[in-house]
Amino acid sequence: MKIVLKNLTKKFPNRNKKQGGDVIAVNNFDFEIPDGKLVGLLGPSGCGKSTTLNLISGLEKPTEGQIFFGEDDVTSLPAQNRGVGLVFQSYALYPHLTVFKNIRFPLENLKGENKLTKEEMEKRVKEAASLVQIDELLDRKPSELSGGQQQRVAIARALVKSPRVLLLDEPLSNLDARLRLQTREEIRRIQRKTSITTIFVTHDQDEAMSICDLIVVMKAGEMMQMGKPQEVYDDPVNLFVARFLGTPPINVFEGSIKDGGLYIGEDRVLEIKTDDNKSGDVYVAVRPEGFILDPDGPLKCELGRLEVMGRDVSIVSKHGSLISESGTIRSIVNADNNVDLGLSHVSFSLKPHKVYAFDKETEERIRFESNNG
Amino acid sequence: MNETNNNTELNKIGQRAKILKRIKNAFIYVCLVLWAIIVLFPFYWMLLSSIKSYGSYNSEYVPKFYAASPTLENYASAFTSVPLGRYLFNTLFFTLVTTAVMLIVITLAAFAFARLDFKGKNLVFTLFLALMMIPNELVIITNYATITSLNLRNTFTGLILPSVTSVFYIYLLKENFEGVSDDLYYASKVDGTSDLRYLLKVLIPICRPTMITIIILKVIECWNSFVWPRLITDNSKYFLVSNGIQEIRENGFGRENIPAMMAAVVVISVPLVVLFLIFHKKIMEGVASGGTKG
Amino acid sequence: MVKQSQIKAWLYLLPAILFLGAFMIYPLFDVFVYSFEEGYNFASQSYFGTGSYNYAYVLRDPYFIAALKNTFIIVIITVPLSTIIALLISLGLSSIKPLKDLFQTVYFLPYVTNTLAVGLVFMILFKKTAYSDGLVNMFINFFGGQSVDFITGPYWAKMFVMCFYTIWVVLPFKILILTSALASVPKVYYSAAEVDGTSSVDMFFKITLPMISPMVFYLVITGFIGAFKAYSDEVALFGTDLNSAGMNTIVGYIYDMLYGNSGGYPSYASAAAIILFAIVLTITVINLMVSRKTSIR
């Protein structure tokens, strides 16, 4: 089932009455989620991603715009009639019911021609339970389960009625680090197996990048960019997206374009050609893996320390034009490179396709072709 | 030398503190036991008197603390010479119906306040809370007139109607309902339930402890109610136990048959005492939390 | 859509609003109307004038004056006394471990019993009859005193039984509340004070009492309100004809005016009820002001 959002807007009345006006949680959203994909809705907290999820589930009504499931306009359909499965951040399991009854709950609410007999319900519950591998937990109460197990029950409950769309709201945030890795693979596996169109909300770019077919990056109620994770990572449309994706984060410098060269501070790092022969101040952003140790390289930095990570080495250094919050440049190079810590400075040359320039005003991407080969 | 001296000195202080503490503790226990006796004695006395025969009770100028020849004849006469069974049945019926109807009324109202959105919700809720300050004595006069003019005196309807709402219990339940995570409501919406079904299938089961507390407190209140039934009934066919006791005291058993009276008192007290023994933890918790919130 | 959910919410509220409207809000206004209608007659539903005559009548009625006096005596004796006793018992309870739960349960028992039924037992214990002086008098005689008829005898004796029974009835609630208040005082305060060598009396006045004072004030306020409404305990001990027993209370006066042998005067009853409400309100406001002042300090 593909999902289409058309000019979707959601405004909330401002809680602070003195300020008045409305808070715009989702602003003029317009995109299409293809059938059977796992889509990650990604953004910092408060960017409207949960609101978007609630709009799709029907728990919130949009101020403007429409929502389609396939060809059906479901905009005015209440949540109970939309046939979506929703997994809550808190899991929201019914504490007084056993796992079995929790999973059965949505089936009991089916009416009319969809009404199931007791045997059919039991069969469906068992199928869902075995899909998420909790067959032996069916008689327990939620309070007797671990976080990871509760998570699986929540997914089973969302899946049992064969929803048209599966929605996951920060499903991993209440799990510990190890379980998080495991569970996200699990979500991927279940989604592949059921091929239900799945939307997955998270603030953790790692999670989204690792399992999603598509990611949608959001900021302050606006969609910034949508695409395959690697495409968005390699080709960010603006500084926000570039900064939001990637660990360690991208290094951002004050820089400029002049005379066909890209400068970081006074260092002419790349020979470039822009469409309209632009010049002037820009932000220059370099991915950590975009640095090459090169004694003759144009970017000269003050050497800090090394962090050995096995295969790679992370070089921590400083540069006067750096504006990243940490105050240090993180560059990742192959561990085969020897770095002499006795030296006070280190020089890099840069991989052109890992370097982006952004307009100082709009923070939009300034595309260039590199002549550095 | 000095050190050992110091040690014995310290030991002495320790010993004295220990003895003082023991004396203090003993004193506390004596006081507590004394009060326990004062609390329990009337119950003992009513049981004791109820198994003394009429003759032996009246011949004891100095009351005895035991019954020489215990008898159950007083219980027989409590049920035969006065309609005690009728009073018990009336009270049971009144208690059950009042509690059941009240539960429905307060649950619906609490749900509306806790979960539904409507214009003027805060205003209406504030008005409800304000009603908690209205003493019963102020409104009972008109209620008496209302029930009388509706020709409902000496009917169960008249007895029950004015006590099927309680603003306090609405408040208590609303607070409890609001304590249940919003996510469960949204989850049940997504799972396809209506509001009413959510209330019945999710909210009420989760809030069962509070509901039970409210039920028990209301049952106690109903079982002991006296003033309203006294105003609204003068036909002993509709008397509740409290009125029955008054009736027995003033007109029952012909002569002053105190042992039979005590038997009736025991019969009336037993249901609540049994309820208390089973649920004493719940009742005390309920009253304590009701107390802090009232 | 929006309208529908509005209607639904009101439907959920409807039963509560109907019942409260009919049996609380309407009567609230009606009682004022009654109290100003002079000579209202239940049977003919007519009255011959409006004004404050009902209030004047009630305030001059010797029965009302007697009821007022009785009520005030009961309030003044039982409220402080029961609070202090409850505090002492709760302190005792919270300083012991073995048998604590048992004591607590036993002490709470009177709360659930029918006060009219148990009142009858008290009457028998205190009453002096032709056959027997009763158990209490037996004790008095044992210690060399004269037998007193507590139920139909002198005023002070009746008032003594009254207050004794009232305290017996109200203590369970107060003990429960104070015990849980004491249990909620963090133990660290006591440990700290003990290390500093504070005496246990100082500990009580400097730590315990300030910490539980909100609950104590709460009990005093509800105690006042409850004691001013004293009625069924009196009936339990002295029977329904409280006027002739000389033990009537304000609430008893209201009911007698409304119903019973001397009844049929809802206007007088309403006036008396409003006077009672005014008294209770005044006392409560004073209480609240005192408690606020104390807690600020």
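Order of writing sets the labels: A, B and C. Residues in every chain begin at 1.
Here is the rule we go by: a contact is a pair of C-beta atoms (placed from the backbone, for glycine too) under 8 Å apart; a residue touches a chain by one contact, two chains touch by 3 or more.
Computed from a predicted structure; not experimentally measured.
> Would you say B-C or A-B is joined by more C-beta pairs in contact?
When the contacts at A-B and B-C are counted, B-C has more.
> In terms of Cα-based centroids, which chain occupies the most central position?
B
> What whole-number Å value describes the gap between the mean CA coordinates of chain A and chain C?
64
> Just curious, how far off is chain B from chain A if you go by their C-alpha centres, in Å?
The computed centroid separation for chain A versus chain B comes out at 57 Å.
> Whole-Å distance, chain B centre to chain C centre, using C-alpha means?
Inter-chain centre distance comes to 16 Å.
> For chain B, which residues count as touching chain C in their complex?
Within the complex, chain B contacts chain C at residues 25, 28-29, 31-32, 35-36, 38-40, 42-43, 45-46, 49, 58-63, 104-106, 108-109, 111-113, 116-119, 121, 124, 128, 131, 134-146, 148, 161-162, 164-165, 167, 170, 195, 220, 223-224, 226-227, 230-231, 241-242, 245-246, 249-250, 256, 258, 261-262, 265, 268-269, 272-273, 275-276, 280, 283-284, 287-288, 291-292, 294.
> How about chain A: which of its residues touch chain B in the complex?
Within the complex, chain A touches chain B at residues 57-59, 78-82, 84-86, 88-90, 92, 94-97, 105-106, 109-110, 157-158, 161.
> Which part of chain B faces chain A closely enough to touch in the complex?
181, 183-184, 186-194, 197, 201-202, 205-206, 208
> Spell out the part of chain C that touches chain B in their complex, as residue ranges.
5-6, 8-10, 12-13, 15-17, 19-20, 22-28, 30-31, 34, 42, 88-89, 92-93, 95-96, 103-118, 120-122, 124-125, 129, 131-135, 138, 168, 173, 176-177, 180, 215, 218, 222, 225, 229, 231-232, 235, 239-240, 251, 254-255, 258-259, 266, 269-270, 273-274, 276-277, 280
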